[in-house]
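Below are structures written as structure tokens.
In what comes next, chain A is part of two complexes: it sits with chain B in the first one and with chain C in the second one.
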Partner chain A sequence: MNDWALNFKAGIARAHARAIGAMREPSWVVFDVILPLLGVAAYIYYYRALGADPIFEGFVILGGAMTAFWLNVLWGMAAQLYWEREVGNFQLFMITPMSRMALLAGMALGGLFTSSIRALSTLILGILIFQIKISVAEPLALATIFILTMLAVYGIGMMLSSLFLMYGRDAWNISNLLQEPVYLVSGFYFPIRELGLTISAVASLIPVTLGLDAMRQLLFGPASQGILPVWVEAIILAFQAAIFMILAKFSLDRMEQRSRREGRLTLRWQ
Partner chain B sequence: MLPDTLLRTGRIWNVEQSFLLGHLIPFRVTTAIEIRSLSRVFSGRKETLALDDINLTVEEGELFGLLGPNGAGKTTLIKILSTLLLPSNGTAHVLGHDVYSDANSIRKRINMVSGGEISGYGLLTIRENLWMFTQFYGVPRVVAKKRIDNLLDIFGLQDKADAKLRTVSTGQRQKMNIIRGFATDPELIFLDEPTLGLDVSTSIDIRNYLREWISECSSRTMMLTTHYMKEAEELCDRVAIIDRGRIVAIDTPAGLKRRVGRGSSFLIEATPFNPESIQSIPGVRAFVARPSEDHMHLRMILDDESVIADIISEIVSSGAQVTSLNKNEPTLEDAFMHLVGRGLV
Partner chain C sequence: MAIKDHLRTLKISAWLGWQIESNWARPSLFLLYSFIRPIAATLILVIMYLIVKQNVASEPALFSYMYLGATFYMFVSSVVFGITYVIHTDREHYQTLRNIYISPISLYVYLIGRAAGKVALATLAVIISLIFGIVVLGLPFNLLMVDWILFVPTMALGMACLISLGLALAGISLLTAKHSTSINEGVGGLVYLLCGAVFPITVLPAWGQAIGLTIPITYWLELIRRSLYPGEGIELLGGLQDFTDGTIMIFLLISTLIFTMLSLTMFHYADRIARKKGKLDMITTY
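What follows is the complex of A and B.
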């Protein structure tokens, strides 16, 4: 069997395990559907109480849906190899002939599947319950932006996963550190332009910022106060996706070399 | 020049040209593992020499045992051979591939199972976990399913195949780990204490399967580390005794036992006493004392049987009573004591 076929099978198997594992516990309905909707509802009522433009409610629904992917990248992707080591699987993964990128791609694919359920339920229930008006004038452009955003965001997750493994227990702190500030600077629930051009430019280094901005423009039109034209954001996102994937491969190779040299990374409780 | 088909296997072949037949006669594939002057140092606050100048050759088709106390370097050696660790010095070739530069070629052809290993995902069933691991090796779906079903049958796990991993017992979990190792049909498998902490019946099942697996096909090779002398004695074609990172001896179990010499292994049972003074008696090569609630069991290797009188005198003078004395045929444990100077546990 050639390496491409092996890696494809390995990636699908890892994705499959992740997807069925996540769906097997009935509690996912509470954690992935009901709780996120409560968070979204809080923001919507907040905007309504302030008498804000109803378009902001649409921003909240979109941001709530995209939160699912960002949380998955932080807790399901970046911290995953660290967690795999703690439960004893990492050593077994390291002696398999599959590419480590295939393993991470499988984890990303499985995570994308489970996060999509949460994102879709937030989107659909949010739209239905809060009567949000969304018009999809350019579905192809929207799908392209979504895919590019996912590639770039999960590319970050793949890159972080080996870095987290190398820096051990600090992984959890880094995840916490990235979670809340990114909600703010990436404008999950409001147009990022509100923070000024400098912060917007810096925040654009995080792909979810540009992805959200472009999707808001495609769904809500000029009133969404985009920071750059959608096509420019698409190019930057494609560039970011490529860069993060290359960095992910580089850091994985480094991690594996270090793992074999030091002999500590494949052991639990390090 | 070797034919391409032979070279592609990546194995080391002994080839002799036959002038009589006028063509190359390939002999059997011989070397599964070849280690030369291998050392491994772990750095940290204090440098630890885990393996020191190891030289070892394991033939294809062998069931090779590594026997040694905790911290002897067995697991480190297996980790180097299974590509998890790099050597600090020296070379190691597995199935003809260099562990340093050709790790992925090795990984395609080997597998490893550790005793007490916690692997897989608790939310997945045993069958799903096993299937996932076979896919990491690219095993075709149909073949994987057939192999998994067959191994589940052999290990008596068929009725638990669809149980979530987190709901099964430690023994069943370890059986799953063993199946995981064999389901990819490796040419060489590393088993690191595969029966560690398991009950007698599960250990017997596993040992029976290991014996069967190696005898089914002459090109299969197994390297096994164990604490259990009986396991090594029963299973292994050859055993390397490893202590403090060095190989002390390599031989067949029978050959190792022969080194002890007949008539020099004794087992004494006495009422409790302090056994430290036994060591200083001239002619005592090695001994292991195993105290129980109301007895002391002493296993000893002596230069000759005349020493036994001095030992009994020493025990009696310390106020204890000898309740039994047995002269034994040397066991692998005796060989270990003889070579290492102390017991395994």
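What follows is the complex of A and C.
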């Protein structure tokens, strides 16, 4: 079997394990559907209490759906190798003849599948329960932006997972730290332009910022106050996806060597 | 068991909890980490408020209602989930729960002690949030006008209520490994939504308001706001304007007592079942 075929099969196998793992306990699906809705509902009622324009409720639904992917990137990608090491799987991964990138790609693919269920259910139930008006005038553009956002966001996840390979409890804590602060600066629940152009520009280094901004523009029109035209955001997202993938490969190689030298590959309970 | 034994357990488990929480990083980095997340969560609400209302001065009571609720809700996550998560980590991650069980200490005291570090951090985060609110956002607050006679017993009762809720969830965590995180998140999300943490419960549907009025945290947050807000008008926002401070304190006291009894019963029952079914050292690698 050539390397490409082997790595392809390894990636699919890892994705399969992740998808099956998420489904092994049917009640998890219920939690996956209900939990994000609770947070979304709280933000919607908050906007209602403030007397905000109903379009903001749509922003909350979209942002709430996208949290599924960001949480998966943090906990299912970035912290995953730390987790695999804790439970003893990581050394098994290391002695297989597959590419480590195939492993990460498989994790991303499987994670994307499970997160999509959570995101889609939040989106559909949120729209139905709270009577949100959304019009998809350009479905192709929306799909393109979504795919580019996912490539870039999971690229970040792959990069972080290799960095976290060196960490102990830091990995856990840093993942925690990248939740609410990122929701804030990336404008998960409001148009990012409200934070000012400087903060928006810096926050755009996190791909989900531009992805959300573009999707808001495509779903809610000019009221979403986009920071850049959608096509520009698409180009930047494509660049970000490529750059993060390359950085992921680079940092994975470096961190693996360093971990081997420092004896961290099997270190647990740090 | 003598009081001094409990105090020693409390002290040592609090020290252990603090080490686990904090010794992965330099103290300065750790403190920064501890405050950024809760403050960012509050800032999301502040930005949302400012987008709609433009400034704090136009409706200071409404802003204070939201800000104080969001700030003091930090205690809910810290105390409740601090206690609950000990069961999960000690059983699954560190695999020491069985050792704790066979040692001559009270498990209740141990759990409360382990959560003490998180409570200390939450207290600091609340203080920093309040200072940030006052200095940067113009939150109406005056130390001299705080109703301390109302605030102190409210905090004491609130902490007792949160600890009992934490023990109830810890009991559930003894029986389930695959769901403990989801149950924590679910309870946290429901309480946040239904107790009017950041918005008056009057915006909820009638059934949501009815449930919200059975949760002691609703009354706790209402009294916290009334005791800290220097002006008048905040008591008109939360849907409890028909009740005096004293009446709400009685509601809080009664609901906390009921909650505590239910929680202790639940924990005791779960503990027995967990021992019977051999779940105390259950490891699911989850």
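The rule is short, and it goes like this: the second predicted complex is superposed on the first by the 266 of 270 C-alpha atoms of A that agree within 3 Å, B and C clash if a C-alpha of one lies under 4 Å from a C-alpha of the other, contacts with A are read in each partner's own complex, and residues count from 1 in each chain.
The definition used in the following text is that contacts are C-beta pairs under 8 Å (C-beta built on N, C-alpha and C of every residue); 3 or more make two chains touch, one makes a residue touch a chain.
Please read all numbers here as calculations on a predicted model, not as lab measurements.
Aligning the shared chain A places chain B and chain C next to each other free of steric conflict. Legend: residue contacts after superposition of the two complexes on their common chain; A:Phe93 is shown touching chain B, with no touch to chain C.
When the two structures are aligned on the shared chain, A:Glu180 is found in touch with chain C, with no touch to chain B. In the superposed model, A:Glu25 makes contact with both chain B and chain C.
Applying the stated contact rule after C-alpha superposition, one finds that A:Ala41 touches chain C and leaves chain B untouched. Among chain B and chain C, the chain that touches a larger number of residues in chain A is C.
When the two structures are aligned on the shared chain, A:Arg254 is found in touch with neither chain B nor chain C.
In the superposition on chain A, contact of A:Lys133 is made with neither chain B nor chain C. The superposition of the two structures on chain A yields an angle of 90 degrees at the Cα centre of chain A, opening toward chain B and chain C, reported in steps of 10.
Within the superposed three-chain model, A:Arg14 lies in touch with chain B and out of touch with chain C [touch as defined at top]. Superposition on the common chain A brings chain B within a closest Cα-Cα distance of 6 Å of chain C. Looking at chain A, you'll find residues 25, 87 touch chain B in one structure and chain C in the other. The touching residues of chain B, counted against chain A in their complex, run 42-43, 76, 79, 82-86, 103-104, 107-108, 110-112, 114, 117-121, 123-124, 128-129, 131-133, 135-138, 164, 180. The touching residues of chain A, when paired with chain C in their complex, are 25, 27-28, 31, 34-35, 38-39, 41-43, 45-52, 56, 86-87, 168-170, 173, 176-177, 179-181, 183-184, 188-191, 194-195, 269-270. Residues 1, 5-6, 9-10, 12-14, 16-17, 20-21, 24-25, 87-89, 91-98, 103, 259-263, 266 of chain A are the ones touching chain B in the complex. Across the complex, chain C meets chain A through its residues 20, 24-25, 33, 36-38, 40-41, 43-45, 47-53, 62, 66, 93-94, 178-179, 182, 185-186, 189-190, 192-193, 197-200, 203-204, 285.
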